[in-house]
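Each of the next two complexes has chain A plus one other chain: chain B in the first, chain C in the second.
And now, the complex of A and B:
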């Protein structure tokens, strides 16, 4: 209160002097709104009030986004859990060999199209870049296949020449197996690979998503590994029914495996995206609420200060008159 | 930064609280490929290695010395797991080389499937499904995995629509000009005639 009075005294002295333009402009805009209507010079609460209004609107929007994400999550979680049985037979048959030694590595990164979903896309991109680094060597080659806008935006910065295929707008229509098998077909036709590494976020619970990497080997590599005493060593003990040669069956098998694993991975990632968006919007609504509390306190203080200074002026004026 | 702290603490908790069953069924057996984890840590020490499907697999029992009494069937579709670890007596699957019956103790086989009827025999009940193509794996430990793209129980198929579809595709086949159209029409004819014989036979 005393400070405010001093400040005003200061202003009465400095305004006739030459002062730099911008400061007076700002000051005048702050004071003029209150001065013009009532002619009383009081500290303005307009600025704080505007901020409070905008923060409240943001809080409403983020709360609504959280509800939308929660309802979408419920729908897609059911489908994801149903599709979890799909990749297990393949891993039971062919095993899982992430540390296989291969020349051409293709990294399929799955990400979301829309933002505001926390850190899951950055995690996927970080893991993809790490896999790239892990598999770099003298005659080894790494390429990217990108599903989703966000990973494309991040990877196009430094690995533009390594991106083979990029597909966006996956979730325009509800996800189904037919669509994913078309995408898988597209990728298999355009990309040469020894191993495909699919990087996605596996949905474990609404607050926890595990970055996961699934490996699909090409038929030639499967043959090679089954001949050596590797993990696929007992693949030879399986009789083959149907088809002419083992090679043909293996080709169909790996293509089918890729489309199944990709379907599950896309669903899991979509689930993780909705879960991450829910928690991001929840924490941002909470932050907005806290900010609103602090602004309300500032507003009340400013309002009370202006009332007090008004009173002081009136009283000192009155006492001056009485003398 | 806060996010990473949250995920690492949940990761630590998950490792300590082993008893909690998630829907992903964490098993205690080979949880990760040790070679991969080591190679990762050497090159990229700052980031945790990603999980691999092996850590989410339900472990399968190894080949028992004697033939078990029942066959354990996993019948999965992209949209649902129709049968998961169900113990049955026999399944008959429509392989491309003909219908094959699978009993417990069947030799390990990888079979490619054509559109046809799959029947599951459990005691005196027989459940029949019409499946579009897929794959079937029979493992040495009397586990059978059947993976199909679509499956419907036979009583949900409409006979008149099948006839209509068969006529349509036969007509398309005769009027097809390019190889692609011929292949598509042929597939349609195959599926519809298999549906037809499934309904009648």
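And now, the complex of A and C:
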């Protein structure tokens, strides 16, 4: 938004020239303006001053956005770390096996609703598309479930028919487990799957966000895998109690696993979003500062040039009168 | 040889230390777990978890989840858990009354089921307080 506004201003600024110049060439465009034979006067200080004012405002806004993102990050980070312990037992029991061969694949992409958060949404979408491609074949089918506006906007363009459910405005109310379990319930009811792949950005630190994929297998696949000697063979060494059949317990277990993993994924993605927004706003404040410096130099040069021109006119006028 | 107990909820870790024995309530009744128990994975119902710790019994209200027991390690994952020391008796009693009223008012099947669940949760919290005192 900020950069687009600046670009628009730049185009207005350089319109007298024959060919458009990019925004960073402010100085060189001014010099060629002075030498242009079309009789255009040098830029007035008013124009430069207006630009400086708008750049300064943008800098203030982006600095404020960075502070807001930093405070939101602090709040969510604590909860994210607490929720990380939750899905580890599931992985220990059921294994995280992205390589199991399955027919129906559902890709759950988690993204943010608001923009200006760096490249995290694009990486999530890229990975979702890559998973889609990896898992395409004669028998197999893939579907998307989308959480968040940004991924919806990007995926709706080319994969419209493959989107099953899309949920937006997650962050309107503070995130809690009950809400996420309702969403998970919704997804499980409406979508048939053999495996759910949840794509999100894991929050490593304030400057690093790793795109991650978590896999949740459906109960039938878990049973099938645990009976064959694969990685889930450990499951059978546990006796299952409570409930009537092993199948019913497994189904409860996978639903619970899905909602826990989804909760953790949504929190991590929210953290990464705030962190990415912080660093994006920080770099745009810095860019605005640099642009302001360059504009100040231009302003001074323009001002001195106009003073010199006036002096020359006065002096030549005076000497014409005398001589 | 002591058991290591870990009680986790989505929001925080409620308990993470060694205990001597626990009594867990599952769908098929209450089970007691001593050190060197056989490995089992079970569903945990809405009910009371009792922990024997330093020769004292501690009670906690659990709101449904799963437990995995193996190798002297117990991991309990629940939707929510509250220690008896964290529950206010007055408030628990009020919640119970509200839940009972809710059950009486419930009309559709879904509301009845939800009201039943709320009632069980409220009742568990009140019971936890009564067990110790």
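In this section, the second predicted complex is superposed on the first by the 280 of 323 C-alpha atoms of A that agree within 3 Å, B and C clash if a C-alpha of one lies under 4 Å from a C-alpha of the other, contacts with A are read in each partner's own complex, and residues count from 1 in each chain.
Here is the rule we go by: a residue touches a chain if its C-beta (ideal position, glycine included) is under 8 Å from a C-beta of that chain, and two chains touch if they have at least 3 such contacts.
In this text, all values refer to a predicted model and were calculated from it rather than measured experimentally.
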Partners on chain A (chain B, chain C) - clash or fit: clash
Comparison of chain B and chain C by chain A residues contacted: B
Partner chain(s) touched by A:253 [first = chain B, second = chain C, both, neither]: both
Contacts of A:183 with chain B and chain C, given as first, second, both or neither: neither
Which superposed partner A:278 touches (first chain B, second chain C, both, neither): neither
Partner chain(s) touched by A:214 [first = chain B, second = chain C, both, neither]: first
Partner chain(s) touched by A:204 [first = chain B, second = chain C, both, neither]: first
Partner chain(s) touched by A:133 [first = chain B, second = chain C, both, neither]: first
Chain B versus chain C as contact partner of A:102, first or second or both or neither: neither
Which superposed partner A:195 touches (first chain B, second chain C, both, neither): neither
Partner chain(s) touched by A:65 [first = chain B, second = chain C, both, neither]: neither
Common interface positions of chain A, toward chain B and toward chain C: 79, 82-83, 85-86, 89-90, 93, 177, 237-243, 249, 252-253, 256, 260, 263
Chain C-facing residues of chain A, complex: 79, 82-83, 85-86, 89-90, 93, 176-177, 180-181, 235, 237-243, 249, 252-253, 256, 260, 263
Interface residues, chain A side, partner chain B - complex: 79, 81-93, 95-99, 118-119, 126-127, 130, 133-134, 177, 199, 202, 204-205, 207-215, 234, 237-243, 249, 252-253, 256, 260-261, 263
Residue ranges of chain B touching chain A (in the complex, touch as defined): 3-4, 6-7, 10, 14, 22-24, 33, 35-36, 39-40, 43-44, 47-48, 50-54, 56-58, 60, 74, 76-81, 84, 95-97, 100, 107-114, 134-135, 137, 139-140, 143, 145, 147, 149
Of chain C, residues touching chain A in the complex: 6, 8-13, 26-28, 31, 38-45, 65-66, 68, 70, 75, 77, 79
